[in-house]
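Each of the two complexes below includes chain A, the first together with chain B, the second together with chain C.
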Partner chain A sequence: MKLHRLAAIAIKEVLQIVRDARSVGIVVAMPVAMMLVFGYGISLDVKHMPVYVFDREGSQQSQDLLKHFQASEYFDVKKAVNNYPALVRALDNGICRLAIVVPHDFSLKLNAGRQVSIQALIDATDSNTANIAIAYSQAVIQAYSQRVQVDWIRRHGQKEIKPPISVEARTWFNEGLESMPNIVPGVVVIVMAVIGVFLTALTIAREWERGTMEQLISTPVTELELMLGKLAPYFVIGMLDTCLCAGFGILWFGVPFRGSWNVFFISSALFLIVVLSLGYFFSVVAKSQLAASQISLFATFLPAFLLSGFLFPIDQMPVAIQAVTYFVPARYYMEIIRNSFLKGSPITILLNELLALAFLSCLLVFVATRIFKKKLT
Partner chain B sequence: MDNAVPSVFVKDLVRKFGDFVAVDHISFEAQPGEIFGFLGPNGAGKSTTIRILCGLLRPTSGEAMVAGLDVARQSEAVRQKIGYMSQKFSLYNDLKVIENIKFFAGMYSVPEPIIPERADWVLEMAGLKGRESALTGTLATGWKQRLALGCALLHRPPILFLDEPTSGVDPVSRRQFWELIHRMAADGVTVFVTTHYMDEAEYCARLVLIYRGKVVASGSPSELKSGAVKGELLLVECEPLGKALEVLQTGPSVLDAAIFGNAIHVVVTKAAEAVPDLTKYLAEHQIAVSKIEPISPTLEDVFVALTTRQAESVEEKKVR
Partner chain C sequence: MLGRLRHMLIKEFLQVLRDKRTRFVLIFPPMIQMLIFGYAANLEIKHVPTAVVDYDNTQASRDLISRFAASRYFDVRRLSADQRQIPLLIDRGDATLAIQINAGFARLLGKGETAPIQVIVDASSSNTALIGLGYINEVAGNFAQDFQGSRLQRVAPLILSGIPRVLLDRRPWYNVDISDRWFFIPGVIGNLIMVIVVNLTAFAVVREREIGTLEQIMVTPIRRVEFILGKTVPFFLIGLFDAILVSAFGTLWFGVPLRGSIGVLALGTILFLMCVLAIGLFISTVSRTQQQAMVTAFFFIMPAIIFSGFGSPISSMPEALQWLTYLNPLRYFQEVLRSVYLKGSGLDALWQEMAAMALLSIIMLTISVLRFQKSLD
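Moving on to the complex of A and B:
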């Protein structure tokens, strides 16, 4: 292997990247755009859910209850209506996700010390959101009924009884229970997967498509020099993009970074080698830019999105799918990155994931060096 | 280099693509310092042969040696000894002229200190002095071709392979290009060039004619012209041309007839006897003859004669 040939290829590649507006776009604009789209777009939080209310009584107490809903940050009482059809229409049209109906004898029963039911109609097309809405509305009503109980006991001059057991919940790693700190580090992984493969998927295919490959392979350059020379600039760009994404997550989205930067950079480098080799492999196999970019979309973006644990926890997947995820490099990187950001786990805990990434990168580099032959067919 | 070792040595070379035999048992030799022309119509197997010689394609069978090295087994060593210019322009259009030169200088391991001097030489040769920073894609075809030639010569290879280097190039640029090729040959470079332009073939010291994957003739242009055409050649200028050709093909003592420009070349057994016979014969068929005279054959005549003969022998084999 001759270093000067490797360098000549790397320089040529950089010049081509710089001159191609599309490449510059992929390198700079895409990470930022994806961070923004995913960071803001994928929110699993249920906040300010639109609510319609139908107060059939209109008493002081029923209004009091509804104020509790309004006060919660999870609900946003949009409108009070005075008939059922209006509620049904609003649910049908998706204007509200939750409708609360207070019965006509609400305060009457309450003051008589009898149990009273509140009706909650929930749009459960998204079961996850519906579950959260049920839980939150129960919490609101529970809080209110507890207050009513305490009032009642006080008014009757008795000593209030505290419930014997209570849960003192403290959430770790993501104290605010927000989805942003969970999503944003994941987006770093997705961005790297896409950028890494997309950038390199075009390099070899472009040479075939433009006919420059024939001249190139007539020179004494070796397969290995060609591959390393082509991947080196993209490795540097990829690492810069990793930093860009991480910085964006920390500074813009305010996600904490508690782990070790060493683990972060080592795992990022390994993951980049994996995706760059994959892209190179596709580029060699496809020989056309269009085919190469489509293959890389299917083979990296989708698995990184769906099978890495980004949106859906892997241990909740069917066993067969779980087995597939072991072949998705993004799975390991996702684990490392999330831990680095939120948990700050020491390297010993992430060792398995790091080893898996190291193994995959060696394997794919080996395959990539073997796949390209300096021959026409 | 030792003069005893031919620059290019090919024996019984075969290359198949599936069932299609692109190169069919061809053999030839090119000597150091000569301009070796590889002549044939499109699809004859010229590019396939040149690609095998440059180590870009594996031969199916047979022997191919370049600079004394086996192209199938020592293709890496071969590549350092050759310059190759493919049929399609294959420098980087999105690089500047000087960037292309430096890139290929790197590929060919031209030592760093002499790169500027070589780059200068290429710019001079290609007539691109002062346009070093132009994007290669913006150059006209003639300049592009000369730049490609220069890039293929950066490492001063003893053997140069040019695959239809002048296709799509204007006549003036073509002439300039051939002047460069002659200069290379004068410096001792073996130039192996494929073409389907007959006038270019005249520039070559030696020619191999290839048709449907087979060598149909070889020799110097003059050898080919004197040996290949059986009989003698007449030039017939007449009106109307199409009808005349039809009539002449069945005329007395006519071996072959083909249109060349605004005249017909007729191959006859004996020119002196054929002139009066054919004049009379054409007049009988209401064809106005303005000129009929014996001429010496051009390479195109040779080419037509040889390829039709080849085609006929193939047909005969099929009939049998």
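Moving on to the complex of A and C:
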């Protein structure tokens, strides 16, 4: 391997990138655009959920209960209706996602010391939102129920009773329990996966499509030099984009960074090598820009989005799919990046993930060089 | 006119279907995406790994812990009374929740005081944390209720015979099991149609331009209308075919119910197809090479999917972006898909979405066709 030949290839590649205005645009605009779209667009928080109420009793007590729903920032009581069909219509049309029905004998039953059920009709088409809405409604009802009981007991001449237990929850790493600090570091991973695909798959396949690859092959450059020379500029660009994304996440979205920058950079470098080698591999196999980009998008973007634990927790997947995720490099990178941003655990805890990434990057670089050699002969 | 149009259509169909790669792209990626989404896209939380430290070790504390252990939401791991293990477990991701019961728990309960339970939540995965916390509150609330009951039994059995209590009667509609699969599968249909049709339409024209066959076509007696129809009708039909394929797959394989009328679904699909054809045509007018078309298409499709309510509710997005989603045809189609599938809604509930898509398709088709004609000059 000669360094000057490698450098020659790299310089050629850099010139090719710099002189194509659109690829410069991709390099800078894409990470920022994706950060914005994902950062603002994906939110699993449920706030201001539109709620209709149907108070069949209309007593002071029933109104008091409904006020508790109104007071919660999670619910937005849009309208009080006075018949059941109106509720059904609102749910059917998607105008409200939750409907609370207070029975006609609400205060009557409570004052008689009996149980009474509040109906919560939930539009469960959006399953996650429904689950969260149920949990919030449950909390509102439970708190109200407890208050009613305390009042009751006091009125019956007992000394005041305190609630037996209280849950003192401390949320670590993301005090507000918001999804933004959870999503934004994950977006860094997605952006890296996509950038790697676009950069390598397109520009290397172009060489094949235009026939200039044969020219390159006829020069004394070796396969390894060619590959390294081609990937080096994109590696640098990828690292710059990683910094861009991380900086954007920290400064714009205000996500904390608690871990070590060394771990961050090492893992980013390893992940980039993985993605670039994959893109290279596909562009060698497919030999057409269109096919290369489609295959790599399918093979890197989708797994990074779905199988990395970005939104969907891996430990909740069926066992067979969990097994598949071990082959998804983004899974390890996701773990490291989330940890680096939010948890800041010591490196020893991330060792397995780092080793897995290192192993995968070596494997893929090796495979990429092998496949290219075969095509030459 | 019809004769020429027919030849144009035959040519386009042959071009798409003779290419092995395109044939592959039309069938397999949609299927695989359906499979991955169906099995992996799961926000439901069960068996949250939970560490428990019990410093009290009384019957009361053990009773509380056994309630957590009995719930299918928690995977309880008892620790040998050492809270210092908790940070390590959470750092490593071996525990998402930690429950600590301090010494004196039973004594406080016995005295009628409020006994605290310490809960630590790893909120780096905000959704899991939120839902886990909700479950904890529920279990603790039930414990408190039962404890209160037995205490009153002792001190004032008369009161207990009639103590008021408010319960939540949850009724998830449309998706009784609150299944994520039922939520995601109809949505995937919309995404797939968009991805496939936009890409095919955009590439069909750009490829002719890139290869130079566009000029050949322009010298034939074919008229512009015929050319545009020839470049859209095949993809319209292919889009329809893919829509049928993936919907059948969703219903037959995953058992997602189709409760509404196929006619309403078909109408929505046709209107949506008009919109995406217009987007595809538009992209073809701003791209000179297939590579550019691919990148531009990605820039259109990605935000369209994120801001459609596909994965997370629109009502949780920043308000300015919520307004922007009104321009997104996929937003309306997602609503139509989910409503028809799960709610069985008819036109009376969905006419607004249909009208919006019709309006958007007219505007977008007009713009695209005008631009397209100009770009042919």
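Note that in this section the second predicted complex is superposed on the first by the 359 of 377 C-alpha atoms of A that agree within 3 Å, B and C clash if a C-alpha of one lies under 4 Å from a C-alpha of the other, contacts with A are read in each partner's own complex, and residues count from 1 in each chain.
Keep in mind that, in the parts below, contacts are C-beta pairs under 8 Å (C-beta built on N, C-alpha and C of every residue); 3 or more make two chains touch, one makes a residue touch a chain.
Just so we're clear, the structure is a prediction, and the values are computed from it rather than from any experiment.
Per the definitions stated earlier, placing chain B and chain C onto a shared chain A by superposition produces no clash, and the two fit side by side. Looking at the shared chain after the overlay, A:153 reaches chain C, while chain B stays out of its contact range.
For chain A, the partner that touches more of its residues is C, with chain B and chain C as the two candidates.
If you stand at the C-alpha centre of chain A, chain B and chain C are 90 degrees apart, rounded to the nearest 10.
Of the two partner chains, chain C is the only one that A:26 touches; chain B does not reach it. By the touch criterion stated above, A:307 is placed in contact with chain C alone, chain B being left untouched.
Judged by the touch definition given at the top, the superposed model places A:256 against neither chain B nor chain C. By the touch criterion defined above, A:294 lies against chain C but remains apart from chain B after alignment on the C-alpha atoms of chain A.
Look at A:170: by the touch rule set out above, it reaches chain C but stays clear of chain B.
Look at A:349: by the touch rule set out above, it reaches chain C but stays clear of chain B.
For the pair chain B and chain C, the minimum alpha-carbon spacing after aligning on chain A is 14 Å.
In the superposition on chain A, the residues of chain A contacted by chain B and by chain C do not overlap at all.
Against chain A, the residues of chain C that register as touching in their complex are 21, 25, 29, 33, 36-37, 39-47, 49, 64, 90-93, 109, 112-131, 133-138, 140-141, 143-144, 147-148, 151-152, 155-156, 159, 161-176, 178-180, 182-183, 203, 290-292, 294-295, 298-299, 302-303, 306-307, 311-313, 315-318, 321, 335, 338-339, 342-343, 345, 349.
The touching residues of chain A, counted against chain C in their complex, run 22, 26, 30, 33-34, 37-38, 40-50, 65, 91-94, 109-132, 134-139, 141-142, 144-146, 148-149, 152-153, 156, 158, 161-175, 177-179, 181-182, 194, 198, 202, 206, 289-291, 293-294, 297-298, 302, 306-307, 311-313, 315-318, 320-321, 335, 338-339, 342-343, 345-346, 349. Of all residues in chain A, only 2, 4-5, 7-9, 11-12, 15-16, 19-20, 210-222, 374-376 touch chain B in the complex they form. Put simply, chain B touches chain A in their complex at residues 51, 54-58, 75-76, 79-80, 82, 84-86, 88-95, 99, 102-109, 112, 148, 151.
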